[in-house]
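Per-chain numbering from 1; labels A, B, C and D assigned in written order.
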Amino acid sequence: MTMVSTPARGDAQVSALDDDEVRRIRNDFPVLEQEINGKPLVYLDSGATSQNPRSVLEAEQEFYEQRNSAVHRGAHHLAVEATDAFEEARATVARFVGVQDDELIWTANATAGLNLLAYSFSNASVGRAAGDAGRFALKPGDEVLVTEMEHHANLIPWQELCRRTGASLKYIPLDDAGALRLEEAARLMTARTRILAFTHTSNVLGNINPVDVLVRMAREVGALVVLDACQSAPHLPLDFKALDVDFAVFSGHKMLGPTGIGAVYGRSELLNAMPPFLTGGSMITTVTMEEAHYLPAPQRFEAGTQAISQAVALAAAANYLSETGMHRIALREAELGQRLVTGLSAIDGVRVLGPGPGEERTGLAAFDVAGVHAHDVGQYLDDLGIAVRVGHHCAQPLHRRLGLSASTRASTYLYTTSEEVDLLVEAVAQIRPYFGVTAAGATS
Amino acid sequence: MSGLDSLYQQLILEHSKTRSGGDLAKLPAAATGTPGPGQGGTGQSHQLNPICGDEITLRLSLGTDGDGQAVTEIHWDGDGCAISMASASILSEMAPGMSPTSLRHTIDHFRELMRSRGKLEADEELLQDAAALAGVAKYPARVKCAMLAWVAAEDALRQAEAGQGVSQAL
Amino acid sequence: MTMVSTPARGDAQVSALDDDEVRRIRNDFPVLEQEINGKPLVYLDSGATSQNPRSVLEAEQEFYEQRNSAVHRGAHHLAVEATDAFEEARATVARFVGVQDDELIWTANATAGLNLLAYSFSNASVGRAAGDAGRFALKPGDEVLVTEMEHHANLIPWQELCRRTGASLKYIPLDDAGALRLEEAARLMTARTRILAFTHTSNVLGNINPVDVLVRMAREVGALVVLDACQSAPHLPLDFKALDVDFAVFSGHKMLGPTGIGAVYGRSELLNAMPPFLTGGSMITTVTMEEAHYLPAPQRFEAGTQAISQAVALAAAANYLSETGMHRIALREAELGQRLVTGLSAIDGVRVLGPGPGEERTGLAAFDVAGVHAHDVGQYLDDLGIAVRVGHHCAQPLHRRLGLSASTRASTYLYTTSEEVDLLVEAVAQIRPYFGVTAAGATS
Amino acid sequence: MSGLDSLYQQLILEHSKTRSGGDLAKLPAAATGTPGPGQGGTGQSHQLNPICGDEITLRLSLGTDGDGQAVTEIHWDGDGCAISMASASILSEMAPGMSPTSLRHTIDHFRELMRSRGKLEADEELLQDAAALAGVAKYPARVKCAMLAWVAAEDALRQAEAGQGVSQAL
């Protein structure tokens, strides 16, 4: 399960990207050439949104200039070309995450994907489904299980689903270090558990959750498993089939793609039994004024004109990542993650959330600077051209659990240099002195 | 021959109007709905082209001739574009007399041809008049049109065999 | 109410764009330079999706190369610039349709916008709303009123809403020419009518519905009015406040913008009383494991990372349209619409749907060629480089009402030349001979 | 002075730590919740910064001095960044003694200044120590931080006046 130890499929000897390669990679990313306050941009906010290589921007541009058209409807040349490009994009991205073409549904982002699932189950719960969709229906007594580390996107849709259906929301609590309490997970997983939704890697802790253990528990009680792969799809080699989850979601803008596109993976037999979510054009067979009949997946879930050029660009992003090698990227980011946690933890008054030095983590580290508010930390860093994220990172319950209301997060990607990580660490070391804080919380 | 003329060959335009077999009433369903095992050698299938909404209902009957099983008749009802109508018409003319195996073989080849985007050559001996539909392969948006009747026939054949208690593996 | 007679705000003397101007405009659209089968592309499918001027493609590109970042969350420079660009885009598009900034919600497309409304009402119906959101709740006995000419996007979401809530769907029928039977509308509008949803201009008929008359009827019975402005926002000068509708939706890709973006307008006091639809990050104030509290509109309805670059590009599209002049575009397209209907109706065996020659219509005409299936018509035209749409155009009930299952649709935009319309008309005149059809339906 | 140093002036950093008025318990609420008309001259307001989730609860009391109404005390509770804490602290020191009209006038100017993106000059006489916050205007993402206490004071003032039966128009 652990990432660093997973050998690449068919290639046991992969090595991490090295600094020279990263420097070459950076040439593909126009935005990284920028200066902020006369200092080179140090972009350490890829966990929020990643930057785009030229090939992605060109793919989108090329689409608009040469084959822009609605898809799946037209007999004319442009429509045929646009449809081909759109469906090839689906195949590329499906392959990237190890699933079949017809198991990948385009959405606006990961959030929309999680809502798609929650609303489809909700619709099943009020009988809006043919056949055996009853298996998706929730009722009082049923439970949805999440974790205390979820992003709001993988929490609130389930809260609302439970409100609508009368089911109860339960959560796997965290220990003081922010790890899932698996013994509690085992206790919480019962015959009442209908859905288990959890994140692959936390966008705050940078940990990697034990998918295999959780899936096994869920299978034992017959619960459906939803994986939030928002933070893993961009950074780890993924194979949803091998992970054996029922559903997974991710967003394009975090994996070198454009905004406005994301995807849901769902096992084919599940998707085709679920009632639709968004309804409208291009997802029906026949419509009368009284009722509509729906196409199979993926069309069933793709109402209206899709984010066509964005799908095409996301496929270009997936190709860029595949060509660079997801294993090599993951190894590289694991190194950067260690460099981050080691450097930051050594600073007086700085507490890194999640796994400590030497423990498995992705290239992401959120931290607290004692006596200095995260927004002031971020402001200080921004002045040096270092872009980080501050706040609760859409994970308020997690921060509350760790006794914080906000943190500062640095996150890397395949274009991050070791020097950038060092620049961050050096800058963070100056922050408490700058704000006149010496001992934890005290004033100089 | 221009692209368009190779798509709409004279033979196709003619078939699209004569619509051989386009007289479903002539072959009554063995029973309402799908015939059960042992009920007789007729199968029926309804297929929809989701791109355009056009539909076809096709019935196929099996009988025995000297050498064993053979298709006796195909009749259908439906409306669609020239390609789909011609394709149904051609199929209705050529299928009677074919054994289930050879019909299936022909359908398989036709499907491969249609999906080839123009890269495969038609086996003219096997496809007979249907070889005139080869031009469709270059128009991916129209492949479903050409396939509609063939998919229906494939399905109806399965039903007909099931109706006779003949398993598909035969 | 009629478009052609509406003077531009503060400019009574507007004239239609002329052919020379259109030729200059075409230079801004790279895709129009293409050849199909060695013939210049004649793009008459703008009703499905429009093409993009260079300024729109550049705005998007510039965003990715210079300020790509998540919005509303970050203290760093890129985040501030991205947020500014995103909110300025909202202000620009809001102004374009005559509404306040905080009354415009971004969605993935118009379909998502209509679903947003239907699901928010649905959520209100199961009590997911604070305060007086009860006014949005539907129950058995309540009615939703649509028309028989709606696009599936403005029909199925209401069907499903009614299924979920027990309300009934009613529709205003059409006369044989495809016009709304207003006397029936008056009869159907009763105290039970809670929502009236109708299209401003039909994507098949090219007519313009009498918004003022329908709004007046709805106001009398206290129904909320939802306007599908998908086909009007790109082609007519719009002011939703002046039209006095409660909600309206439109899509970016039909108005020179990119795919993946659309918008919902809603009156501020309504939006802020409605329960959310999609839930997740960036739309909350506080979240615990048990419940979430939501921000006011527009954020309340914008969960997760938004289609930021697409919003920026759509604003560039709105600017392009405003600079060209929506009144001048509308007048131009009215002329092209007349040229279409006049030319096509004169052809033996061709029946144009909707308003006849001399009657008000937009630059869109769907027609039936007796004895030739619409897909064959489209194929014939495509061979000549003429791109039109064929099929039911996501309006099956309308086609059924007119005795058809499909039609062929030509639709214009600001870049359409008169010659292109003439080329289409000439080509259509050749179709029945080509397919060997002479008298209506008969074979030569 | 670098951009950063002009944002975090020494005065601001000091206020962010001393937090004058950051002792809400000292001024009891007139009643639980909003005081009703005639109940006394104390108003309370709770404000949230949606960008960061930081909150402030601020109480303001009104009294009469020789010339009429004047703010007597401001106390608050809350946590936030240096900007927001300094801003609350400065406001708590400068507001007492001000008439409602002049406090409102000061708040209006401060708001305009903050929203000016650095294009307005601070009226140093009016703003006193708060003029040190002028640098915030160049950081749009931080304007809400600086405004938080001021919006709360504006609201609390309204409540205090309502509590005294004094209409806002006075």
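Keep in mind that, in the parts below, contacts are C-beta pairs under 8 Å (C-beta built on N, C-alpha and C of every residue); 3 or more make two chains touch, one makes a residue touch a chain.
Quantities reported herein were computed from a predicted structural model and do not represent experimental measurements.
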Distance in touch steps, counted as few as possible, from chain B out to chain D: 2
Separation of chain A from chain D, taking each centre as the mean of its C-alpha atoms, in whole Å: 40
Centre-to-centre distance between chain D and chain C (centres being mean Cα positions), rounded to whole Å: 47
Residue list for chain B, restricted to those that touch at least two other chains: 51, 53, 139, 142
Touching two or more other chains - residues of chain A: 37, 73-75, 79, 286, 375, 379, 390-391, 396
Every chain pair in contact, whichever chains are involved: A-B, A-C, A-D, B-C, C-D
Residues of chain C defined as touching chain A within the complex: 30-31, 34, 36-37, 41, 43, 45, 48-49, 51-52, 57, 60-61, 64-70, 73-79, 107-112, 114-115, 119, 123, 126, 128, 148, 151-153, 155-157, 159-160, 163-164, 169, 171, 251, 253, 258-261, 276-282, 284, 286-292, 303-310, 375, 378-379, 381-382, 386-391, 394, 396-397, 400
In the complex with chain A, residue positions of chain B that touch it: 48, 50-51, 53, 139-142
Residues of chain A defined as touching chain D within the complex: 37, 372-376, 379-380, 383, 390-392, 396, 405-406, 434-436, 443
Contact set on chain C toward chain D in their complex: 72-75, 79-80, 83-84, 285-286, 295, 299
Parts of chain B lying in touch with chain C, wherever the complex brings them together: 2-4, 7-8, 13, 17, 51-54, 79-83, 139, 142, 145
